[in-house]
């Protein structure tokens, strides 16, 4: 069982002092949830768990523990984020130990919650079913019907460039067409696209959960916070909010692993991944580049060559 | 006085209400997402939703609010305050937790030294129609925080949903002004006892076991406790818990300007943002998540009680429900028990470095 | 209800550069409305929020003394957006002002006592207000000995140079000005404030100490005050914190249950010791 393998490896890494800290997932306080867990004591590794609710991208915590040697539990997408961060020289060599877990695809807890009438008080995963129980109901749901869209389209469930893979590799077989959100967005008319974007961002409360949940957003001072120069205002005017979301997405070009952490973090359930997915798709088509695959090749927009085309500059 | 309002009359009732008042009520923005908003048409009002994501504090303390406008005329400036409230207001459908939070916000904004006119004017002009919570969630702990799913205190009128109708209780002078409303009729004893039954059932459901009592004294000695070294670790430093908290009230003041014309605006701010406490010199008195998480929790459970005699938490559970990393304030509260603190301390000491 | 967020209009009467590095500028403001002037009463150590409309608002200690009627002085360190705008402001221009805010120095506690004023760098502003207040003929006999130790990194960085010269001539104030590094024109004292304090060694008997300066200076001066047997409750300081509202609402200057803007900025070390070290 993967969970056992994670614990075993974590115990070993802490005991032989390969790492100071393990970042993994632990039991959440709510049904259908896990919570990031930080383990320093080899005796406490049993607090680590693994299931279909390990939705966070733990790589975002690496910035917080930049002085420690860290062992981290990673899914395919999380590992790619770390490769991308390594390209940006965020870590010292051998500072990290990546415990890769081939991903079974994560379950959208909100979608499950909406499939039943009443509050879910208990949930348990068994094979391909999620058993949920609440006041006056108890049913089993097909896991596959409740996967996050980003997971359904995932083509990199097996973590690469990791120190160890825990569990058997899975077959890379997207359940739905890859880049499906981007494609759906492309098929809209410009007006529909604008309306969609406008409607989604209108719910934004500027809590920056999307930014903080993303491992790639690590600027010491985000452009929205700069007072000199002041790029945008901090209120709720639509143009400021839209500007934030567009720039946030653009900053991810060629750096986004498509993990979906931004969208999962949003308390107002704003759709965000279609934007980054569109940029990922463009980068793939124009430069044949995918984030976090090649450990030595920087993202196309972070580099240049003398022969680069410039006929598009008018 | 106990009356009733048939749901089929709700729309007409709201229409007449809107003739006299600016109406604020829950509006659904997307599946499972709602906020309190100024209503343009009664059809927008959705009283069937769960407690909206954004608390009702927004009606008195908007996330972004203009304080005054200015325009340069020669060498002088013409400044116009926007503190006035043009029409009387009604908040419809606020839950008892949010309403309890109003009284905590009153302590801050209407305190004895300085009165906040922007908050005060809106508050004074508002009639509150509370809505009972028949189905508290497992994350609700209002009953631990001095409230309850049917707490009427703070409401002028109070609604209890009976399916086909609302029981309407008129509780204050402002509420009694609705006595003659043509859509309200006398409730019969059967309806009243049905409401009682729902109340009894609901009151057992909100968690009353979160140990908030005495937390102000317990936490007195906690400032330098290694507890905080662990507490903040999973916090990613976003503003979800503070923005969605009905009692959090920190704000920033900025000028928005185009050359000679502009406005001074206040926007919600969060003690969890590094920039909040960062000084111009670069010095930050709360440099890491440790100090910032401590500020959030200590303000609620230690500093606020010192100033106003009660904790700044009403147990609405929003911070638990919407935290992207499942930081659970109930666990933090439980960890302040002397026994738990010792456990955390031992563990931290053992593995420090 | 009076709107505590609404600034009153002030006119920039004079501006002058204080230091050779051009980073400190004193601006003198006069009231544009007579009724605002009549209603404005402050004590040394209080501060105001100054507005440059369109740029924003920031807090500044009042550098003038209440005894200097008719106008208010502020010495401004160029650091952020608002302070830069205040550096560029022209004489005759209008700025907004809210205040006086904060508690100020405990003037009545000082009455009948000696006062020891220790200042470093540009934190000398409200100390200047305090000294000027007690040097005023009608106030001079309120306190006994006035001892002032004021240090800056270099002679050019001293504030209020003309006034320091005036004070030096008086025999009812003991003034020791020191710099970390002298230059060819400097014939005064060279030495760090903590060391100069040790050398001057004022008696702590019947004396209140007021100390304002950079954190590093305070850190090293404090033990010297302890050695001179100043008890914590007779050492006062003024805290600098990021502030916005200035009236205890917006939350950012919160230290424990206190708000620097409304419960401070002046605190005794006795008070500070009981607070979290969030400053």
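As written, the chains take the letters A, B and C, and residue 1 is the first residue of each chain.
Operating definition for what follows: a residue touches a chain if its C-beta (ideal position, glycine included) is under 8 Å from a C-beta of that chain, and two chains touch if they have at least 3 such contacts.
What you are looking at is a predicted structure, and each value in this text was computed from that prediction instead of being measured.
A.B. asks: Could you name all chains that are in contact with subunit B and with subunit C at the same time?
C.D. replies: The common neighbours are A.
A.B. asks: If you tally contacting C-beta pairs, which comes out ahead, A-B or A-C? Let me know.
C.D. replies: A-B
A.B. asks: Using CA atoms only, can you tell me which chain is the most central one in this structure?
C.D. replies: Central chain: B.
A.B. asks: Taking each chain's centre as the mean of its Cα atoms, which chain lies farthest from subunit A?
C.D. replies: C
A.B. asks: Rounded to a whole Å, what is the gap between the Cα centroids of subunit B and subunit C?
C.D. replies: 39
A.B. asks: Averaged over CA atoms, how far is the centre of subunit A from the centre of subunit C? Could you give it in whole Å?
C.D. replies: Measuring from centre to centre gives 50 Å for this pair.
A.B. asks: Quick one: report the Å distance separating subunit A from subunit B, using the average Cα coordinate of each chain.
C.D. replies: Centres of subunit A and subunit B (C-alpha means) sit 30 Å apart.
A.B. asks: What parts of subunit B, by residue number, touch at least two of the other chains?
C.D. replies: In subunit B, the residues touching two or more other chains are 252, 254.
A.B. asks: Show the residues in subunit C shared as contacts by 2 or more other chains, in ascending order.
C.D. replies: 80
A.B. asks: In their shared complex, at which residues does subunit A touch subunit C?
C.D. replies: 227-228, 230
A.B. asks: Under the touch definition given earlier, write down the residues of subunit A that touch subunit B in their complex.
C.D. replies: 20, 28-30, 33-38, 40-41, 44, 56, 60-61, 64, 110, 113-114, 118-119, 121, 202-203, 205-209, 211-213, 221, 225, 233-237, 264-265, 267-269
A.B. asks: In their complex, what parts of subunit C are in touch with subunit B?
C.D. replies: Interface residues on subunit C, with respect to subunit B: 1-7, 9, 32, 51, 53-57, 79-80, 83, 92-94, 96, 215, 240-242, 244-245, 247-252, 254, 256-257, 262, 276, 278-279.
A.B. asks: Hey, which residues of subunit B end up touching subunit A in the complex?
C.D. replies: 29-33, 35, 53-54, 63-64, 135, 137-139, 230, 233-234, 236-240, 243-244, 252, 254, 256, 265, 267, 270, 273, 275, 289, 320-322, 324-328, 330-331, 347, 350-351, 353
A.B. asks: Mind listing the subunit B positions that touch subunit C in their complex?
C.D. replies: Residue list for subunit B touching subunit C: 67-68, 70, 72, 75-77, 79, 81, 83, 108-109, 111, 113-118, 120-121, 223, 249-255, 257, 259-260, 262, 264, 266, 269, 271, 276-281, 283, 285-286, 291, 295, 298-299, 302-304, 306-307.
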